[in-house]
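One structure, pasted below without further comment.
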Amino acid sequence: MQPMPHQVMGYDRAITMFSPDGRLLQVEYAKKTVRLGNTAIGITCKDGVLLVTDKRIVDKLVVADAIEKIFLIDDHIIATAAGILSDARVLVEKAQNKAQENRVTFDSPIDTLTVVKDMCSLKQLCTQSGGLRPFGVSLLVAGIDEDGTKLFLTDPTGLYYQYRAAVIGEGEADIQETLHKEYKESMSVKDALALAAKAIKNFLGENFEPQRIDAAYIDAQTKTMKKISQEEINAAVK
Amino acid sequence: MQPMPHQVMGYDRAITMFSPDGRLLQVEYAKKTVRLGNTAIGITCKDGVLLVTDKRIVDKLVVADAIEKIFLIDDHIIATAAGILSDARVLVEKAQNKAQENRVTFDSPIDTLTVVKDMCSLKQLCTQSGGLRPFGVSLLVAGIDEDGTKLFLTDPTGLYYQYRAAVIGEGEADIQETLHKEYKESMSVKDALALAAKAIKNFLGENFEPQRIDAAYIDAQTKTMKKISQEEINAAVK
Amino acid sequence: MQPMPHQVMGYDRAITMFSPDGRLLQVEYAKKTVRLGNTAIGITCKDGVLLVTDKRIVDKLVVADAIEKIFLIDDHIIATAAGILSDARVLVEKAQNKAQENRVTFDSPIDTLTVVKDMCSLKQLCTQSGGLRPFGVSLLVAGIDEDGTKLFLTDPTGLYYQYRAAVIGEGEADIQETLHKEYKESMSVKDALALAAKAIKNFLGENFEPQRIDAAYIDAQTKTMKKISQEEINAAVK
Amino acid sequence: MQPMPHQVMGYDRAITMFSPDGRLLQVEYAKKTVRLGNTAIGITCKDGVLLVTDKRIVDKLVVADAIEKIFLIDDHIIATAAGILSDARVLVEKAQNKAQENRVTFDSPIDTLTVVKDMCSLKQLCTQSGGLRPFGVSLLVAGIDEDGTKLFLTDPTGLYYQYRAAVIGEGEADIQETLHKEYKESMSVKDALALAAKAIKNFLGENFEPQRIDAAYIDAQTKTMKKISQEEINAAVK
Amino acid sequence: MQPMPHQVMGYDRAITMFSPDGRLLQVEYAKKTVRLGNTAIGITCKDGVLLVTDKRIVDKLVVADAIEKIFLIDDHIIATAAGILSDARVLVEKAQNKAQENRVTFDSPIDTLTVVKDMCSLKQLCTQSGGLRPFGVSLLVAGIDEDGTKLFLTDPTGLYYQYRAAVIGEGEADIQETLHKEYKESMSVKDALALAAKAIKNFLGENFEPQRIDAAYIDAQTKTMKKISQEEINAAVK
Amino acid sequence: MQPMPHQVMGYDRAITMFSPDGRLLQVEYAKKTVRLGNTAIGITCKDGVLLVTDKRIVDKLVVADAIEKIFLIDDHIIATAAGILSDARVLVEKAQNKAQENRVTFDSPIDTLTVVKDMCSLKQLCTQSGGLRPFGVSLLVAGIDEDGTKLFLTDPTGLYYQYRAAVIGEGEADIQETLHKEYKESMSVKDALALAAKAIKNFLGENFEPQRIDAAYIDAQTKTMKKISQEEINAAVK
Amino acid sequence: MQPMPHQVMGYDRAITMFSPDGRLLQVEYAKKTVRLGNTAIGITCKDGVLLVTDKRIVDKLVVADAIEKIFLIDDHIIATAAGILSDARVLVEKAQNKAQENRVTFDSPIDTLTVVKDMCSLKQLCTQSGGLRPFGVSLLVAGIDEDGTKLFLTDPTGLYYQYRAAVIGEGEADIQETLHKEYKESMSVKDALALAAKAIKNFLGENFEPQRIDAAYIDAQTKTMKKISQEEINAAVK
């Protein structure tokens, strides 16, 4: 494996170029951005679907409550991201508009998968058309539809998969292992919060502070978002 | 054969460039991507046309049932892909829209060949117009029309051929040999499933797990898609 | 003659660039593609105009009958190609549409020359406008109009000539020699088929198989296409 | 850490290019521009929200009163910038138009966050689309809405955060430290002015002159902008 | 004179670039193409205006009569070309359309000069706008208008001059000398044909064959084109 | 300070590129153009606002009166420029149109600041959008509005400042020093003319000739432009 | 002064690029083209305004009368050019259209200055927008308006000046000196013709022939163009 030559040859200078071994290097670099982003975890539970994310910011001058790391797409759909957050916001705003249009046009809530597919079409386009760069962000999209609880992961390629539990960003490899070991479908949102918080705490080590954690879930009963308070997080961390 | 010089000269940096020996190197690299993609097999049978594909994912956290590796284009047409799957989805979505339009406009199901030609026109365009890269994906498109059972293979060039049995992606050479030896027009879908599953199993060796296999077919009687259950796959593998 | 320096200087990197000796190198490379393509022969006869082409594929898994190597443009016009076949199909589809429009607008069959000129305008454009590459394909277009039998050859430059008998693709030089020696205006389609089949057989040598040959003609009486059956081909080869 | 090689490789020559470690170097250079810009401080207070900025110009030939360093976006929203000031003006003019449209369309004042999100969408676009460069400017946007006092910081990436007290431009690191130590939510605008003026004075050292300071705030009672006079600034500096 | 350095410096890589000595090298290369093209001669006579051209093709398989080397633009205007013939056809087709529009709009034949100016505007554009290459072709345009006999030469720059007798393409220098010596305004079309045929014969030497010559003229009386038959050409050559 | 490396690295080849230290080098080069341009001085006075410029041309064959170096934008607004004068004219023509539109739409004279902001928006755009170069010109815009006398300086970045007295172009540094020493707000236009003329004379030294000076002002009473005659200039110079 | 390095650095490869010393090198090269063009002289006289130009062509096969070197823009305006003549024609045709529109719209002849400004706006655009090259041509535009006789010179930058007598093209420096010495405002067109003819004769030396001279003027009385005959030119030369 000699990655250097392909870079010297310039195969990684445009998204409209394949390398001789059939790779899209600019898209791979965009994935690198995601792996350097803040940790975000999604877990489907018996009583809802939970998103937990590391806000990374512990600056008393910043209004912590106002940090938008978990985005509301529609009453029943939330999302969080790892990578370039301004890229994420563009995708989220499009999703919000799409969801609103759906309500207006069909008088019914949009399907989570429809939101995800739409997002991925735009992401794919940015891996094929010159003059644009790929989106440097992965998202976890969590929703509760008529037919059940959903959690999707979309990457910079425009690929998506449905997960029971997923992690993106910094520490992905370690935390995935934890999820594999400890995730159970019978978990409650409360259990899942404890699991996710612990996983982030273990990964961050001494840099960890409960204030860094942001969490919210779609409640299976009401099919609406519930923010998890700092107190609940503090409790979960212990 | 000295491939190096043409790369040093930069003939492989744009799809709008022929090499001095008349090749489109970027398109050839896109074909390389396909050969690295997941294995997919298509087989025409006396009682239908079958697609079998390697999902590659064996992660209990992923919702296996939700992995879209076999796409429904219209009631009577399905497709599967090898290569960049987000590229495949763009092509499939266009095909789905085209099929739906056909039903609305002509009040009749679209012809499988029409779907394939349309897909290939877009693929060809992306091998000729600057500012876009070729689609890095081959597809198997299977359908049953008024005039019989069809199986087409489309490559990144925008070429297509009609096959009795075909394979794309990883292990293509090996599995093609198997198909040559063992394919018979008189096969039933059940026989074909056993053949395809065995071929993938042999190629993957110890990495093989029955859960990796996804399969579906268009039934000759009803002219609609039937998903093949994990139990049927497990049975076929033995 | 030192072709190397012009390549080193980069005169062959874009179709919008002349070399110092006034050549369009990208267009010349496109012609190279044609010379590597499958052999195709056209012959005007007293009772029709014949196209014979090498399908190149001898794979029992491919549905040989479905290989489109001779395209129907209108009832009275057919075409075949050498080079990039997906490029050919784009040109053929445009020609089919043009022919259909002509029938609708003028209520009469289109002239073969009109089809050819239209095709060549697009080919020329792709040798002059940046952002596109030249079409890497030559076509033989055969038709029978009010005023007689026609056979045209169009090359990647957008040039066309009317021929009595012509050959494109692999083996062009050898087969042209054979045509010069043996072609007679008084030939019947049957004679011409024997001539063309023999020429291809001689060129391919031991790689030859009768199944590789595809042939069709426009019948002078009915002014419609007749496919030539495998049996007739087999007979002609002997 | 070896930044040189990536520059030699050209990963910093376009915003449509990721470096192999997933960074957008052109955007990072734009942030460098901001760090070289004039100092600007924003502080939320119990009785309003204050912006203080260094005009940098102490030329008696320049009409000091006319230097627009604090921009009025709507009656209740002001902004100031660090970096390329002509870039800032483009963003401010768009915000002014947006605010005016909001009054016309909804007959109500625009929300500060809406102004900020709109500004950031354009900033993000300029980090993704070729043919444009990123905006080389950060802004502090201060407003008082129905639901309280707001202070936002937007950077060249299109990211924004809500702050209690923030600083951009030259001396950012030093002044941030001062803010951390001395900021209190119970501060009055008068206290905050003294704090900000002192911070700038300490940073500039002997280059400091009271005339360099420009300051204005949105008054919590009237929800309108009040300019702070040179006399008040002179008093605050002592 | 050291032409090499400017090529090494890349001043000849785009038509949007002047060399330091104020030349447009790409346009000069296009002129080179013309000088390598087939010979074409135009001569104004007392009884008409004649075009004579070298078809270059002496292949019995080509339908010689169908070789379009002298193009009919309108009843009273013909043209011939040297250089890239597919480029010529684009210009001729535009001229044909322009002439037809003129008849429809003004109910009168178009002026030869108007045709030439129109052609030259397009040629000039292709020497100034990036994304296109210059037309690699010179044309002789011959017509008889209300106010007399006209012969124009247009070059790749978009320049035109009115001539009494002119030559373009291969052998230009030699044949121009012959024209200077032997051309007389009192010549008949028959005399001029003999002169032109002899000039081409002398230049081609042993490669000459009467069948290579194509000739036509606009008759001064009828103001319409007359094709010159092979017999007349054979006679003229002797 | 090592400016060379950034040039070698190519950071100064496009306006869409920041250098690693956050500079826009192409814009800095455009400012260089301005510093090489003809000297132009603006001075606000108690009885009007004056523009004085060096015509540079002392050729009796040139019609000196017709040299447009001071442009009338509207009755009450004039401008002069240093740098690329054809660039200046584009900006002035747009300003003239804008002013005229304002009169038609609002039935009132345009505000000087509005003219300046509009001009600067276009200038800014040309520092951000690829495919254009920055305007290589600074302008002094002088006007008398309802609310008083105005003098603005706009640079190639699209920045503007309001001045009491300002100088652009050749000798800027020297003349600015003179203005600092000798400018008084109580000056009359006559005093200011003497000051400006002397400053230019001192800078040009022996190259100075009174005929090089062009001067005009907006009169505070009539709010219209008055040209200053050569006689008045000659008198002022002494 | 070391011009070489800037060329090596590539600052002269695009019009959208300033060199570090603030020059637009591509525009300077375009001016070089003009200095290599044919000589053209314009002289304002008491009884009209004269243009004299060197046709350069002394080929009896060319129809000398038809060489358009002095263009009629409107009844009262003529122009001549030095540099790329096909560029000149584009500008002249636009001016002709503009003049005609003026007559139709305002029912009055267009002002010479309006023609010149319009021409220069287009020229300026071609020095600022990528994808186009600058016009490689200077023009002398001569007209007689309501308010007197006008002679303008426009260069490739889009700059213009009004002259009493001006020269462009080859020999510019020498002939300008002659004009400086011998031009008088009291000259008649006849005197001016003798002066211009002599100047060209002296410059060309033994290459001079009276037939190379083309001349025309706008007559002050009739305000229309008068061509000067070869006889008058011959007389003037003696």
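Per-chain numbering from 1; labels A, B, C, D, E, F and G assigned in written order.
Following the convention adopted for this analysis, a residue touches a chain if its C-beta (ideal position, glycine included) is under 8 Å from a C-beta of that chain, and two chains touch if they have at least 3 such contacts.
Small disclaimer: the values here were computed from a predicted structure and weren't measured.
Engineer: Minimal path length between subunit B and subunit G through chains that touch?
Structural biologist: Shortest path length, in steps: 3.
Engineer: So if I superpose subunit A on subunit E by CA, what angle comes out, to the nearest 5°?
Structural biologist: Copies differ by a rotation of 155 degrees.
Engineer: Distance from the CA centroid of subunit A to that of subunit C, rounded to the nearest Å?
Structural biologist: Subunit A and subunit C have C-alpha centres separated by 54 Å.
Engineer: Using the touch rule from the top of the page, what residues of subunit F touch 2 or more other chains?
Structural biologist: 10, 15, 130-131
Engineer: Assign the assembly's chain-to-chain touch graph to one of these shapes: line, ring, star, complete, other.
Structural biologist: Contact map by chain: ring.
Engineer: Since the chains close into one ring, what order do they take if you set off from subunit E toward subunit G?
Structural biologist: Starting at subunit E and heading to subunit G first, the ring runs E, G, F, D, A, B, C.
Engineer: Would you tell me which residues of subunit F are touching subunit G in their complex?
Structural biologist: 7-8, 10, 12-15, 25-26, 29-36, 57, 60-63, 66-67, 84-87, 89-90, 93, 126, 130-136
Engineer: Show me the residue ranges of subunit G that touch subunit F in the complex, using the header's touch definition.
Structural biologist: 9-10, 15-24, 117, 120-121, 123-125, 127-131, 157-159, 161-166, 176, 179-180, 183
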